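Given below, in the form of structure tokens, are the structures.
Shared between the two complexes below is chain A, which pairs with chain B and chain C, respectively.
Take a look at the complex of A and B:
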């Protein structure tokens, strides 16, 4: 980095810090104004004497009273709460299943400045749950699509588009512009990064997640006190000091997600954000009395009751991010010395079979049409997926049933899913969605001794994705 | 002798962990009040017990890793983080509710 770049970087940091201070001062002024307004409501004549040209008679525009009236007359909000919302700025990281509903309600409520961070583009598979996007916007940047929708919902707010993903390098410059952060992302790497930058910049964080039929919500770093102050709210690292093993992390693309499940969690994030802002608890000074245990809200569609709140720990005395012994610094973060991907690990594609244990989809298709040999095709996707589409003649033995079964290696017994009519030396081919699980199963079947009698056992390389690419273009892609 | 009796507890799994336990979220269990050494049974003991007695799935490492509940799983004793209750050393009481929550990451 040459000295000009360094100076520019330093200036950017100074500007961000000064802007932050300015915003803080504006917020304090707005609070004061709102209070004095409340006090002078009885004294209408004073109000009326104000010069209508040089003084704003009312703190909100005429349209705003109509637009926000229904929420302003709720006792917990009031005119003071509405002014706080107007003066607040919220950053929504992720414009997906959580971020879309959260952003819609936050814009609807009149939060003055809304920033959205996402580097992705809209895909058709997003549309069942990501309600700000629409069919005509497939291919568009999610952030642009979201802001287009939000502007039509509420044009009176300031929207900031941050069209690349949050990184350790850009996080300070982006997050420092806002009062409150919503973590609407979908991976542990981003969750640790967002929590860390929120601790460093003293921003409260509303974090949610969802998968299949379940959701979770936590308000972190609230109150957002300096690292080392035990009265501050716990951060993500206090609750989860070690990341989960990469292979235990399931994405919505692999595990599935119901729209209303992730929707309800995003809406709850907007609600928590509105509560924090309207009650004046965004800053450390406004939240001194709010020293109570942190909690996590669990939502489970099929449980009774579906919502359950559990008490969490307070700040962890040796937390890497928010304790007095914290090793986390802004310099360390922005210089990239923290590798979040390395910290959380990555799920590398499975590669445990040799070349001769795998067969290309097109080779299998050829073998099948020529009907050369008697064989068995075992599809190890879960049953719900097998029911959507399957190759004719294949049998379904879900991957999970291999994990759960007592099918012991080398116990000599033939599994029940092998037809009696199958010759003992007939090959077995294993297929799955992408070609990972099929390798694991192939290996297990061989270890169990099923390849005795010279039986060939192998998997279809690249799974049904390759089947679509190489053999059957009509194969449904789900 | 009453101390030798079994104690009834409820163990629940959520966030996908139920898949390791025959897809059942809620298990009503009766566990011995004392372990083999005659000490009161703890949550730490329960974790081992669940692995040995209740879990049919072979993926033990999805629940216990290096002798500890795997990172990313919260243990809640009567709806409170077990770190507030002494973690693995907490002695089980009759009718306790022990909830294991796997964190979700999707969004």
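Take a look at the complex of A and C:
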């Protein structure tokens, strides 16, 4: 036993070292690939410099006229718009599904300085939508991976890597370096933080989000006038003063996301940013004469029409951030006295069942092989997930069917998903992906009186994640 | 999410994002006229718990225009026949 533990420990160390080595190799490969692309660009620019037309005579470098020509001849852009783009600096917060396409188009358009903030590393589950990252970059910092790609796309810009997440403490130092901010993050806490710092530092904010097949886009704090000036654009708190309940917040990892959906929202962010910069409306003075009502663009893949634009309110008279009565200050924010996690609530793992109401995955597996007929396993994941993989013999009753008024408690009738052949005292086990929803359902089934006749109802602790760890290593992780 | 017209005496309500998952519907028709102040109650009766779990953090529009939810027992605006109401919860993921 002791020697087995030692062997396992040695193997773990060996695996960790090998993984580290693999990560380094992938990084070297990605660097080399970017360099070879960069070199081919340099060769072109060396030839361009031999051209007798000197840079001084013209405001842009010779190559830039070619590179940006197709957008410069669009009447709304022109040489003036291109020069504004060149002199502008944009901060992209989040290098994920929104940030990747947004950054690609912003770099392509020639925005002079681009900063990217993200503390995460590239994972395989990102690749279907986060188009700046690639298979060889799994494990690399997202910011480094994104900048590698962008440098190969357009080596003539300045890129700033901010490799940790935006926090109340670091936000002033980072955001103050830029003219415009894109919120490409994925959580209510960061949405409120970014909006607040943009109000305080008078930066316009292009905010987008996406989940499953739907997306939202809003241009906030534009024009970016001082708090209390009603002519300024509304902030995120004006539109959504109350954060959604923490337990209702669904991430792309839990709810799913289509690549083109988040892609279209990120591309639209880049478009709004380009419009704001090229038209000279970035600053409060440039935008005052053409104030129009703020709007939110809603995109729903399956809706008719798929795009809807709704008119938003102007600044909320009692807004905490941007009204004359605002309680928000730079000191308060950067000292960390504003608790965004507390404001938005914390989604703690569910823990509502007693020890005797839960069973380990390996215990259930044992029980299943011993007597397979006289119990019922209820899988409460949504049907799309159940169809991907399920435990043999389990029945699917999605968690959503227990929500709202759709599940009548204690109405005396046996639910139709319980087979007639199941003995009235046969145990019911509930399983889900991670072991949270299964507890909620177990509790509701008991409250509905299904546990009379001495029937045992309990959930599988840790859900199908534990099933993979303890019982079936081949279980697909999606 | 249909573009079909509401039957006489009804308005259309569109459910976006988490309102869509909570009701399992993209849209439906509800009886008009309805004071805006009664909208959340009406929906909460139909979909138990929806007010606290979804509606209170939502943006509400009538015919694509933002509306303020009435406070202190006021009726606010009236939702009329043929109006299109949208329930728009904040989406934060990306």
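Here is the rule we use: the second predicted complex is superposed on the first by the 417 of 478 C-alpha atoms of A that agree within 3 Å, B and C clash if a C-alpha of one lies under 4 Å from a C-alpha of the other, contacts with A are read in each partner's own complex, and residues count from 1 in each chain.
One rule holds in what follows: a contact is a pair of C-beta atoms (placed from the backbone, for glycine too) under 8 Å apart; a residue touches a chain by one contact, two chains touch by 3 or more.
Since the structure is predicted, the reported quantities are computational estimates derived from the model, not experimental observations.
Trainee: Which term applies to chain B and chain C once both are placed on chain A by superposition, clash or fit?
Mentor: Clash: chain B and chain C overlap once superposed on chain A.
Trainee: Regarding the shared-chain residue A:197, is it in contact with chain B (first), chain C (second), both, or neither?
Mentor: Touch status of A:197: no partner.
Trainee: Have a look at where A:403 lands relative to chain B and chain C in the superposition and call it first, second, both or neither.
Mentor: After superposition on chain A, A:403 lies in contact with both partners, chain B and chain C.
Trainee: Just checking: does A:262 make contact with chain B only, chain C only, both, or neither of them? Give me first, second, both or neither.
Mentor: Touch status of A:262: both partners.
Trainee: Mind working out whether A:249 is in touch with chain B, chain C, both or neither, as first, second, both or neither?
Mentor: both
Trainee: Examine A:210 and indicate which partner it touches, taking first as chain B and second as chain C; both and neither are also allowed.
Mentor: both
Trainee: For A:305, select first, second, both or neither according to whether it touches chain B, chain C, the two together, or no partner.
Mentor: It touches chain C, and chain B stays clear.
Trainee: Scan A:97 for contacts with chain B and chain C and give back first, second, both or neither.
Mentor: both
Trainee: Would you tell me the residues on chain A in contact with chain B in one complex that are also in contact with chain C in the other?
Mentor: The overlap between the chain B and chain C interfaces on chain A comprises residues 94, 96-98, 184-188, 191, 208-211, 214-216, 239-240, 242-245, 248-252, 255, 257, 262, 265, 296, 298, 300, 302-303, 308-313, 400, 403-404.
Trainee: Where on chain A does chain C make contact in their complex?
Mentor: Counting only chain A, the residues touching chain C are 94, 96-98, 184-188, 191, 208-211, 214-216, 239-240, 242-245, 248-252, 255, 257, 262, 265-266, 296, 298, 300, 302-305, 308-313, 400, 403-405.
Trainee: Given the complex with chain A, which residues does chain C contribute to the contact?
Mentor: Result: residues 1-3, 14, 16-18, 20-24, 26, 46-50, 52-54, 56-57, 59, 61, 64-66, 68, 86, 88-94 of chain C touch chain A.
Trainee: Could you please specify the touching residues of chain A with respect to chain B in the complex?
Mentor: 94, 96-99, 183-188, 191, 208-212, 214-216, 239-245, 248-252, 255, 257, 262, 265, 296, 298, 300, 302-303, 308-313, 400, 403-404, 406
Trainee: Which of the residues in chain B come into contact with chain A in the complex?
Mentor: Its residues touching chain A are 14-16, 19, 22, 25, 56-59, 61-62, 65, 70-74, 76, 79-81, 83-84, 99, 101-107.
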